[in-house]
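In the two complexes that follow, chain A is the common piece, with chain B as its partner first and chain C second.
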Partner chain A sequence: MLESSERSPSIDGGPTKTVLISDPSLRDGNHAVKHSLTAEQIAEYCRASDAAGVPIIEVGHGNGIGASSLQLGLSACPDEVALRVARENLKRSRLGIHIIPGFATIERDLSRAIDLGVDVVRVASHCTEADLTERHIGYARQKGRSVFGVLMMSHMASVEVLVEEARKMESYGAEGFVFMDSSGHYLPGDVARRVTALRAGLSIPVGFHAHNNLGMAIANSIAAADAGATMLDGTVRGFGAGAGNAQLEVLVAVLHRLGYATGIDLYKLLDAADMAEKKIIEAVPTISSVSIVSGLSGVFSGFLKPVMRVAAEYRVDPRDVFFELGRRKVVAGQEDLIIEVASELAKTRSAA
Partner chain B sequence: MTPSLVREDCRRIIDGRSDALSALRGETVLIIGGTGFAGTWLAETLACLNDDFGFGCKIVLSARGTERFASVRPHLASRRDVRLIRADVRHLSELPRETNWLVHAAATPDNRFHASSPVETMSTIVEGTANILRALDPLSDFRRMLYLSSGYVYGSQPWNLAAVPETFAGAPELGSPAAAYSEAKRCAETLCAAARSEKRAPITVARPFAFIGPYQPLDTPWAANNFLLDALSGRSIRIQGDGETVRSYMYGGDLAYWLLRLLTTEEPGRAWNVGSPHPVTLRAFAELVAGHVNPVPEIRLHAAAHGNAPRTRFVPDASSAQQKLGLDLRVPLPEAVERTLRWNRTETPVSGAPR
Partner chain C sequence: MGQLKVAVIGSGNIGTDLLIKVLRSPYLKCGAFIGRNLSSPGMSKAVKLGVLVSDESIGFIEKNPDCCDLVFDATSALDHRRHAPILDQLGKIVIDLTPAQVGVMCSPAVNIDEALKSRNINMITCGGQASIPLAYALSLSHKEIDYIEVVSSIASRSAGPATRRNLDEYIHTTQDALKHFSGAGSTKAILNLNPAQPCVNMQTTLLAQVSNPDMEAYRLHLSAVVKNVRRYVPGYEVIVGPTVENGRVVVMVRVRGLGDYLPAYAGNLDIINCAAVAVAEAHARKLGAVPVH
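After this line comes the complex of A and B, so read on.
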């Protein structure tokens, strides 16, 4: 059973500051390929990142385990197969999952994932709905897994509300807290302010998950670390939803240059990233014009592909769709609103 | 049938000290919140006083969840000297007329609930206490009330203050939802003081700290519970932080005796810390737990690099109760741990635990 802190880099500190890296390439990256990752790809990437000593590898549907559906996209590789294959190919790295209560149930999904050998459970909710995570966090804690609370779309909550919601997760038993910049909206100062407030309000470690819509993913992650965050997410080549995440190999290189320890072998990580680009990543994420609009409007990057598709279908400007979705403060899971917005825009246009 | 382990504890804790509680002989004791950890231990202790020391008390347990209590604790619920009343303190308007002594222990200490439902938390504590105080008026043969406040009323204990005395003037963070429970407890203490002044109601306040023992549900994510659950489940024991955080733990049986002694104290009207005065680091506590499990589980420190897991201290200065009332701890911590583990192995199923 892999459950050891000594096999991953210790986060116990020492003379150098240490950052615990989580790599959700095989989870957030699934958004970028419409959840088409195969068992072979999962196996190969796990072997490569395990060899590099990446501490936590997160696997699953883009919206977490149990989220494969017609509405959110069907996974080519079912959770059970993905987790089993990952488990078989991870020797040093810990196996993590992202789980959103509502998409995933304890009985059907979480309990099975734990039986399959998941080490790290990251229970996520929209930034103002931490209450939904209590049972999932409690269950995973009782099963002895490492449990982190995750708040998504964190820019939609004020700093004060973010801290209050994070405190709820801590009270439910979360051993660490990660806030996500799901739409790549933050600038470094935004991140530093939040990390500082969270560190003051929590007694558990704080982490940050970046998206790159405004080209700030690395800068934001470093701002988080400098403000005291001790957990950072990154994906190879930025393989994630929309404009992608903080590019892991760049993040690790910069962290090392700044004197942070990650326990990761940079050369082997670069090899893993090269392999992934060849065999897994259909198109390396770039900051498209629409991604910039997504970041500015504060709409979840995962909406990029469906927005592009629906906008083309209704012959409306996807940028207008994004700003309207931003005005309506949509959150992940409300993808059906894209059609409503596009159709209203189309009607308005034809009326004009 | 009474669980033998708990009855053994009660006998040992009462042994030689039953006289100090003789004011309760033949009286009716109402315990509001009577099905929780403190309430159940109070009921066990009173039942033991009746069975072994001929006290002849009538024990009335009032709570929201009496049906569940009746099914999981039939040895108490089915006793002839025990009566269950299903009631919610937020809507309470009258108390059993025959009540002579009252312990108000109604409030969940579950910090998950406090975080999710701070309004409900405060309303139960503040409105519930006000309702109980109003309902004291018609009781013709009423003697005393003991209100269970909390050690959290002092706010964060300064690291350099070894133990918090009752006179400590600290307070929780003002205006923070995280202070809902502790501020509500402060408010309820003030309500009790107001009732003492306005109605001459004889009320004593207890400020409980941290406890372990049978009847403590292990699913609340407190450090001690996590260690016990890890150990019972055959896993390594994980400590968040560097293990140097300081707590102290009193056994449930000692808690019950202390509370009954405070209830019957001849000088009502003040507040008393209730808890173990013996500090223990979380690391030492984890080692204690590990020492009672075979094979001995590994202890893992997750000293979250962090500097972000600040060391905290939560230890009462219990010298008032010790010196003025002669109270002490009959069950030392190592034994409390051993008995808690034993009870959980035999009395209640723990998910994934070896049986």
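After this line comes the complex of A and C, so read on.
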């Protein structure tokens, strides 16, 4: 007799719950290799994941199309080439892009991407700035593409604000909504609470994108699904920024065991992951000490280098600096706060 | 004539901050402050300041053409494209603060004399006003610039609805202006809206690729241009560089505002509004306006 956790949908007899899997290995993974993915790597991975039946393959610079820059890193493979190559190598899978207004524009980037045959457009902003996405969502809808709204760094907004911002995206025409745990800060209860609130506040499907700073990416993704999220992101071997994402092949295996349908052939997905590890992933993401501190404090991991430098200068523990920055809800661009925090910590210490 | 009579159309963050600066200018007086909603915060502020207000948008100027000789348009790119022919027909000088790119692009520290020949002057964007002087100085010291990239961060609170809807126009207009004023082979503009509390100061970073960078020459031209900008934007300050890092020329400026309508962090309002007032005052002097101190 099968244990309940091993039941298959057919044995269970009830209606099978389906999860739509989106795979941003060729987008988030670009962060992990300094945006150096080549056309050949994109082609090969697209063929492998297409064969496995992964529903959506996201391609592009780590910060989405149009974001190749000196500031964030130049893409080795230009958007146009990456999208064309991906298009040519995807038969069943849909081709997706991530686009952040402020980096990419409709005229310069999105319209061309749509002409190149992109099927799924995910328009993203920081968790409190949804109104920046209105025109980009509207444009992609008008062009007949599937359009999802995405809020990044979602742990920095209260549940109420998150729902409010997501509702704006729905009102602009988003057909689905995804929230990202960009710092890998959530625990399963945090995710379930947000999914429940989002489902109550929205009439479109809800999705979740995990990072693994605290080793919770799979557990958090499952918590999302159990709370009613119907879209999940995962990357092979967790190939993504920092500590990486939910490891796709693990996620799919666990979802299947729990009786969720994904439409993905697990064996072929494992083959794709093995191939990617050999030919694409320079170093499989691990949870470094910094990733843990960054995840726990909810501070963007890009703060690492300046924090280390300033902490050494003021002779304070960089981990203390991280936690104090987290308490102040620091966001990228506020690096000047590091000195203030470090000097205060130094003063407190000498007073003690 | 006495002072030059101006109207401000657009009662958002930019228009309201601009109004306060106009009222302070010895060369300008405000004939009307025009928006679409009398109960908006900007309108209430204008009423408190004793300025004639209207909620009839461009229609008010059409009905009362004598209310002004010069119009500041602080609405949106889309609206300005509609307003421009109307104001032209009425014979108004127009200073456009939207990224509509209808008129001659102007960064006062770089091309005010050229701009004064035109009756529709485009103030580009806040990021453009902060970065064009940096790019222009680079073009004075380097014959060939391969690529210029400009990243601006502004406080989320300082970006009103029209600014947010015009994000794409902001990027295109800033890129075009950078190319125009520097001759760079290609240009890119990026804008970050930062929701941090307390609000962050406006910052703009220029990153450039040039062969054989000559920092000595750049430093000289840069300090002259920056001095020029500080005449109309006192809070404009180089905080990093210029330096060559990782093969790229890097210089970063911070813009602190005067704290007129929004607090001093909103340097993005000041840099474009101070530039617009500088152009209007130059027009006033050209027309023989008499300053009232």
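Everything that follows uses one rule, which is that the second predicted complex is superposed on the first by the 285 of 352 C-alpha atoms of A that agree within 3 Å, B and C clash if a C-alpha of one lies under 4 Å from a C-alpha of the other, contacts with A are read in each partner's own complex, and residues count from 1 in each chain.
Operating definition for what follows: a contact is a pair of C-beta atoms (placed from the backbone, for glycine too) under 8 Å apart; a residue touches a chain by one contact, two chains touch by 3 or more.
Computed from a predicted structure; not experimentally measured.
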First, second, both or neither for A:188, with chain B first and chain C second: neither
Touched partner set for A:117, first chain B, second chain C, both or neither: neither
Which superposed partner A:128 touches (first chain B, second chain C, both, neither): second
Touched partner set for A:203, first chain B, second chain C, both or neither: first
Chain B versus chain C as contact partner of A:78, first or second or both or neither: neither
Contacts of A:106 with chain B and chain C, given as first, second, both or neither: second
Set intersection of chain A contacts, chain C complex versus chain B complex: 131, 134
Chain A-facing residues of chain B, complex: 111-112, 114-116, 177-178, 219, 221, 226, 229-230, 233, 235-236, 238, 240-241, 300-310, 312, 351-352
Complex contacts: residues of chain A adjacent to chain C: 69-71, 101-103, 105-108, 126, 128-129, 131-132, 134-135, 156, 329-334
Footprint of chain B on chain A - complex, ascending: 3-5, 10-13, 17-18, 20, 131, 134, 138, 141-144, 164, 167-168, 170-173, 175-176, 199, 201-206, 228, 230
Interface residues, chain C side, partner chain A - complex: 147, 149, 151, 153, 156, 161, 164-165, 167-168, 171-172, 188, 190-197, 200, 203, 205, 207, 209, 248
